[in-house]
Amino acid sequence: MTDPVLTIDGLSVRFPGATAVEDVSLALLPDEVLAVVGESGSGKSVTALAVLGLLPPGATATGSVAFDGQELLGLDEEALRRVRGARIALVFQEPSTALNPVERVGWQIGEVLRAHGVKSRQARAERVGELLGQVGIPPERARDYPHQFSGGQKQRIVLALALAADPDVLIADEPTTALDVTVQAEILALLRELQRGRRLAVLLITHNMGVVADLADRVAVMRDGRVLETQDVRRLFAAPSTEYARELLASVPRLGRQGRAVRPATEAAPVFAVDDLVVDYPGRKAALDRITLAVTPGEVLGLVGESGSGKTTLGRVAVGRLGAASGTVRLFGTDLAGLGRRELRALRKRIGVVHQDPAASLDPRRTVLESITEPLDVHRVGTPATRVARAEELLEQVALGRSYGSRLPRELSGGQRQRVALARALALEPDLLLADEPTSALDVSVQASVLELFAELQEAHGFACLFISHDLAVVNQVADRVAVMRNGQLVESGPTGEVLTRPSSAYTRALVDSVPVPDPDEQRARRLPTVLTSLKNTA
Amino acid sequence: MTAYLLRRLPSLALVLAAASVLIFAVIRLVPGDPATALAGANATPEAVEAIRAELGLDRPWVTQYFAWLGGLLTFDPGRSYLIGGTIGSLITESLGNTLLLASSSLFLAVLTALVLGPLWAGTRKPWLEHLLTGINTLAVAVPTFVMGVALILLLGVLVPVLPSGGVPRDGLLANPSITVQYLLLPAVCLALPIGAVLTRYVAESLRTEMAQPYVVTALAAGVSRRRVLLRHALRNVLPTSLTVLGLQTGALLGGAVLVEFTFSWPGLGLLIERAITGRDYPVVQVLLILSVVVFAVLQLLTDVAHALLDPRVRLGGAR
Amino acid sequence: MTELKAQEAQVKAEPDRRPVRRNGLTHGRGLVGVVLIGVIVLLGVLAPLLAPFSPQEQIEGANLLGPSGTHPFGTDEVNRDVFSRVLYGIRIDLFICLIAVPAGALLGGLIGLVASQTGIADVFAQRAFDVVLAFPPIILGIGIAAITGTGVLPVVCVVIGAELPLFGRLVRTATLKVRELPYVDAAESMGASRAWVLRKHIVPNILDSVIVQLALSASGAVFILSAMNFLGIGVKPPEPSLGGVLADAMAQLGSNTMYAVGPLLVIVVLVLGFQLIAQGLLAARRGGAS
Amino acid sequence: MSTALSRRTLLSGAAGGAVLLGLTGCASAVDQETSGTPKKGGTFAGAIGTDLVPANFYTNSNDGVTTIIGLVYESLILYPNDSLKPQARLAESWTISDDGLTVTLKLRQGVKFHTGRAFTSEDVKFSLESYADPKWNGQLKSTAAAIAAVDTADPNTAVLTLKHPLGNILDLLEIVPIVDKETFAGIGDGSRYVGTGPFKFEKWTPNARLQFTKNAEYRVPDRPYLDAVDIAVIPDATAQANQIRSGQIDYAYGISNLDIERLEKAGDITKIQRTGAEIQVYVAANLTVDGLEDVRVRQAIAYALDRDRILSEVFRGAGYTASLPWPKTSPAYDEELNNFYKKDVAKAKSLLADYGKKVPTLKYSYQTPSPLFQATAQIVQANLKEIGIDVELDPLDPPTFVAQLIGGKFPGLWTAYHSWAQYTPSTLTVSAYPFNALKNSSHYESDTYIKDADAAWKQIKGDSPEAIESYRKLSKDLLDGAFLLEIAIIEGRWAVTDRVKGISYTKRSELLLTDAQLTG
């Protein structure tokens, strides 16, 4: 076996008052992709920063990080600088902020070349062109600014920037997390191509098991700052050796798998229905374009689409926050057009809302109990005492317990907050629940438990639900029917099993095909070029 | 960009029109008119009436207002009652002094901010950080006139090395090295709070910028911390710093009154003080409207400069 | 339910409901500020006990004496004890701050709230603030004093006038910002009325910024009011004020240096103290937010 | 540039200007007058505290005007500082007819304006008429208006016909500057000042400086000695003090008396105390205000004033205390009457007891910004507290103060300066507004006072025994009426460096540099 290029040995990182990484040891071999997986707070990103000596002030790293036999920990700034970019490069999660917004992208790549000794402006310009070409960006766009590129293009440019000084090791920290699935598929393909072509050793940091299955040769599972196990990718997926890894894999929602028992479609009048709906945002093209859709009582309708598809806009229409430019919107049979504020409020009493970001959707100054009783207070349901009793009952239902009532949101974890939000949404026994990306900010295992709770509650209360998500697998798990949206238009809709396994439109097919499957063998078999061809068909 | 400017112009015109009416009306609410001010302590009522007629103050307000407005729009704001001479020449004279004072202060302030801001943001030495924080807080907090008195006390009276006020006899242009001595205390005094606010803003923004992902990206690619700070991050901080500077330049006008008063610097600040106490309507009106115009135009200019410096605004949000 | 157990450890047991105000003022800069202001306030409150003379007593033969045991800051041009005058000067300065800053905050805040609710009021208020802000407060002061005559009234007016747009803008932008937050959206989606949202969510959540601005404004107010007194358009003699004593001292710099140094120090400590309190609160708020 | 300021430039600049400090003061102790030959040439550098206000040309009310009139213009006659015995100036001789209705002036020949035009009787006529125009607000305009006609048939003789005898006609001739008709418009806007005086007006920079050059054609041979005069406007008294101490200026009009004392003690300067150009500081009462209508209250106030303390502490002894406006140089001065009111708390209290009622809190107005008035007012306030009268200070800015003075609208007491008592006494009572017998700021009405003032005004010879008797009556009226209570007669001070010799002044504090020279 060859010697590792990068060896992390007994690395610990401490912040004042907390330990982020404890005794982590990893070895990255040349030409391999080592994935580090774990949920938030597991210390995987801190490890990456520690390798490059980029920890924030106040953090201390102990142990050893050796590159090619050279110890990196404790190296002075200048020596480290020469390692960064030239030997070890880093790609970041968020492409929209990873580039300097006020400089031309070509200049930014040039800066890296300049830092590593390319003095001539001419030479830099040429090399920038080459690099952009390699990542699939037309070289003449070097003179454009970051905001003139799409998210996927930005991530390509970030890759070009990272690889400008020809490093041996690439640390990719959640390189595709912020991207839509179809774009993610392209970037994964590009990463693979670059890795092969340059014989890069890649340390891939991710929480997405599908991405791991797609790219990794070996996998290290981290939790609470420690490495639990390091395995060959196939072995891990087939037979994880730790309980945590097993739980983690089990939590991942999968597409092909049957989600829930299909309920028979009811003939009852829909709780929410739009007909030929058009919504405009001032100065832009239609946000929603001739949508016809209905949610029947007790039904969960999954609304899927990539960013900018209009799914959140539709959600706002449902609660009467946005008016229609044309077409009709009916809520519980009432046409929303021309409704007064009071009538609208009465209708809203029958809707519960759960937002995407559990951290922001609770007022930081109100206790959990106050937040849950708020809908009751607003609609003056019962007496203050009965409201508290109802809130405590709800707390029990969302598996938190009444002792949580006196806490403030910041004393809760993300999952707990989302449970509180769910309790609040259910306080008035709504007939319709609007859930806008309710789990996308949560870790997989938390997501699994919240989804489980959601299913239980839906079973028990029987509310209808408009469930908005970008994650096909999640929708597959919870929804009776699915509606797929793109660019403000409804692409197709139908029973979940049908749409997600036998899509009738090319776009839905491309979406489904782009989702990496958390199984190494299956994923490697189905990945590109299938995806690319299906994408081209939709263009 | 042109469209942006065009959109701003109506509201600018509205503010100016409102301000002109306000200024005109308020000045006439002030008890004692220019005639009494001119007549002096030994005057008789007949003399005051004669002066009032001479100045046209016996005409209706509306007539006076439109006459004034007409004068303004044709760049002929009239003559000073109290001081004599055309307002144009009077203001030009004082304006030169104020401009010299203000521009030196601004220069000092910007220089300080550009030197100390990055130093403050970039330093990893706790003592230096504490020192800069302390000095900065003091400079932000201490009122200009208090600083002025302190400086006069220290450098003009206790250790008399610098003149404690006034301007050089031979004018500001005759002997630059003497002018600098006269200029030093008032300019420093005026520059301190502005420089301090700007320095703090630059330092804090730089610190925020230095935590941005693009900075980590550049650092991780091997660009030196120094260059990232002074080139990449600073470039990002400039547009908003310019806005802050614009607002501070507005404050400069107010500060100038106090500094000129404290140091007997014969600029617009002293002129307006003298004009108000002398009820010299034409001068007060023009100076006030001038300050509103300068303030409004500065806001506009900084917004435009901000837009020019930020490609996201300049090129539109194409995505 | 692994995550429940995992997160449990990080969650503090005791809810801490007023962290910003408390944490901001019990450490570091905020504490220094509180101590500085506390000392000055105490000096002002206890002036009748501490001052060796009445602030208006003209002591026979004590014309412009230098500092001594009996007169720590010396005496002034009409034979009064400067130290006693400075102590009493603190009172009037603090009194004006106490009246004018909250008044400006309240008025400005109300205007800001109203402006944030309706489009036309907003445009109107914004332009009005623009116009007011275009006049430097000192020039405003000279103008108002010319109308009303010198006295406490013009000073209070000018401080209110200077603070009003600041609070108005602050409250307006903070309200608009809070209104965009998901929890307000949540409240509105559940059918809460405007008044409810304003009362239960917006006001409590912008209070912190308002409090920081209060401290900053107090610092600014001391500046403005002492500047006006310095220019001789504020508190009427023989009532002592810090700026007024300083102005009187300007003519006597050659005779009695301490005459100027006394009020100068107190003004510096006051503005600095409020500034530090503001910084402390701000730091605590940022710390609390992250 | 500012930051790149090197140590050297700072030091060299310092040597050129600011840091000369006491150097010049020490080096110039040589007494030039003994050396015989006057020193010629040089630019006289000075400073004044208040800038020129062109519209105030005839009002004698600010330093800019008095400087210009003193240097550029001449009047027909000139009083010496210590008496009212007229000397020839532009008039060689003058006679007043026995009925007091005709004044014949023989004019000096060969006098030229700075424009080169010869001075004639037409100019006398024009100057007197301009002065009478109410818009110029000349102090003696009622006297000037009493001139019925000026006969200019002979260019070298001006014959004035009066409507009635004028005891103070010579005052008028002493005061009115002879102006050039052709360039008169320039006076109104401050662009041109043409007279016959020793210096030509060069340029006025508002808020900054006044510049003059030598008039080589001046009627007196070999005068002036100086080549040029350069007067800076420096409102800040401390700045003036610093500049004269460091030798940047040789003359300062506006330094506080305290600073003058200090600088004099340090040997940096000498002072010129303007005896003969006195002004008076006073407290006056509005008789329509509740409490002040009673003469006993006003007299009580007069007895309460600590005149000595105000004179010594506020005005640093530059003058003497007074109960009447007349300075020692005036024919109306009477030592006994002048000492009529002395501080006497017991007497004041008994007067108040006679009055019987409690005097309500009185407002007490004065003009800002003025450290001297403020200090005076505060001392007076303390004095009145002693006798049980509460006073609330009411600082007013100049226009408001003047408006209230002219309108007689003060809400109680007020303090200000007045002037014009250094002239023929009747000049005061017919012109100075606070004293005007017919209509004054105090609303004091007394038939006796009106009669006596008129009688004094109509004296043919201002210093005759009859005239002096009429002044005595007037003085009694003033003391009895007690509507305007004098505090002190102040002789203003100028500070000059020792190298300046030969500075003098007129009775209106106009600067005369005809004989001035710069030594050392």
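Order as written gives the chain letters A, B, C and D; numbering starts at 1 within each chain.
As a convention for this text, a contact is a pair of C-beta atoms (placed from the backbone, for glycine too) under 8 Å apart; a residue touches a chain by one contact, two chains touch by 3 or more.
Note that this is a predicted model, so its numbers are computed, not measured.
Enquirer: Closest chain to the protein CA centroid?
Expert: That would be B.
Enquirer: Ranking chain pairs by how many C-beta pairs touch, which one is first?
Expert: Counting C-beta pairs in contact for each chain pair, the top pair is B-D.
Enquirer: Compute the distance, rounded to whole Å, between the mean C-alpha positions of chain A and chain D.
Expert: The separation of the two C-alpha centroids amounts to 88 Å.
Enquirer: Per the centroid of Cα atoms for each chain, what is the distance between chain B and chain C, given in Å?
Expert: Centre-to-centre distance between chain B and chain C: 23 Å.
Enquirer: Please report how many Å separate the Cα centroid of chain A from that of chain B, as a whole number.
Expert: Each chain's C-alpha centroid was found; their separation is 49 Å.
Enquirer: Two or more other chains touching the same residue: where does that happen in chain C?
Expert: Each of 146, 250, 253-254 in chain C touches at least two other chains.
Enquirer: Considering chain B alone, which of its residues make contact with at least two other chains?
Expert: 31, 152, 277, 279
Enquirer: Residues of chain A that contact two or more other chains, please.
Expert: In chain A, no residue touches at least two other chains, as defined above.
Enquirer: So, with touch as defined above, which chain pairs make the list?
Expert: Applying the touch criterion to every chain pair yields A-B, A-C, B-C, B-D, C-D.
Enquirer: Give the list of chain C residues in touch with chain B in this complex.
Expert: 29, 127, 130-131, 133-139, 142-143, 146-147, 219, 222-223, 226-227, 230-231, 246, 250, 253-254, 257, 260-261, 264, 267-268, 271-272, 274-276, 279
Enquirer: For chain A, which residues are in contact with chain B within the complex?
Expert: Contacts found on chain A: 49, 52, 54, 56-57, 77-78, 81-86, 89-90, 92-94, 97-103, 108, 111-112, 114-116, 145, 147-150, 158, 161-162, 164-165.
Enquirer: Report the residues of chain B in contact with chain D in the complex, numbered from low to high.
Expert: 31-34, 36-51, 53-54, 79, 81-85, 90, 93-94, 104, 107-108, 111, 152, 156, 160-169, 175, 177-178, 180-181, 183-184, 187, 264, 266, 270-271, 274, 277-279
Enquirer: Touching chain C in the complex: which residues of chain D?
Expert: Of all residues in chain D, those touching chain C are 237-238, 241, 256, 258-259, 262, 313-314, 368-369, 371, 374-375, 377-379, 381-382, 392-397, 400.
Enquirer: Which of the residues in chain D come into contact with chain B in the complex?
Expert: Those in contact with chain B are residues 1-3, 5, 9-10, 12-14, 16-19, 21, 45, 51-56, 59, 61, 133-137, 139, 141, 188-191, 205-209, 230, 232-236, 238-239, 242-243, 246, 248-249, 367, 397-403, 405-407, 416-420, 431-433, 436.
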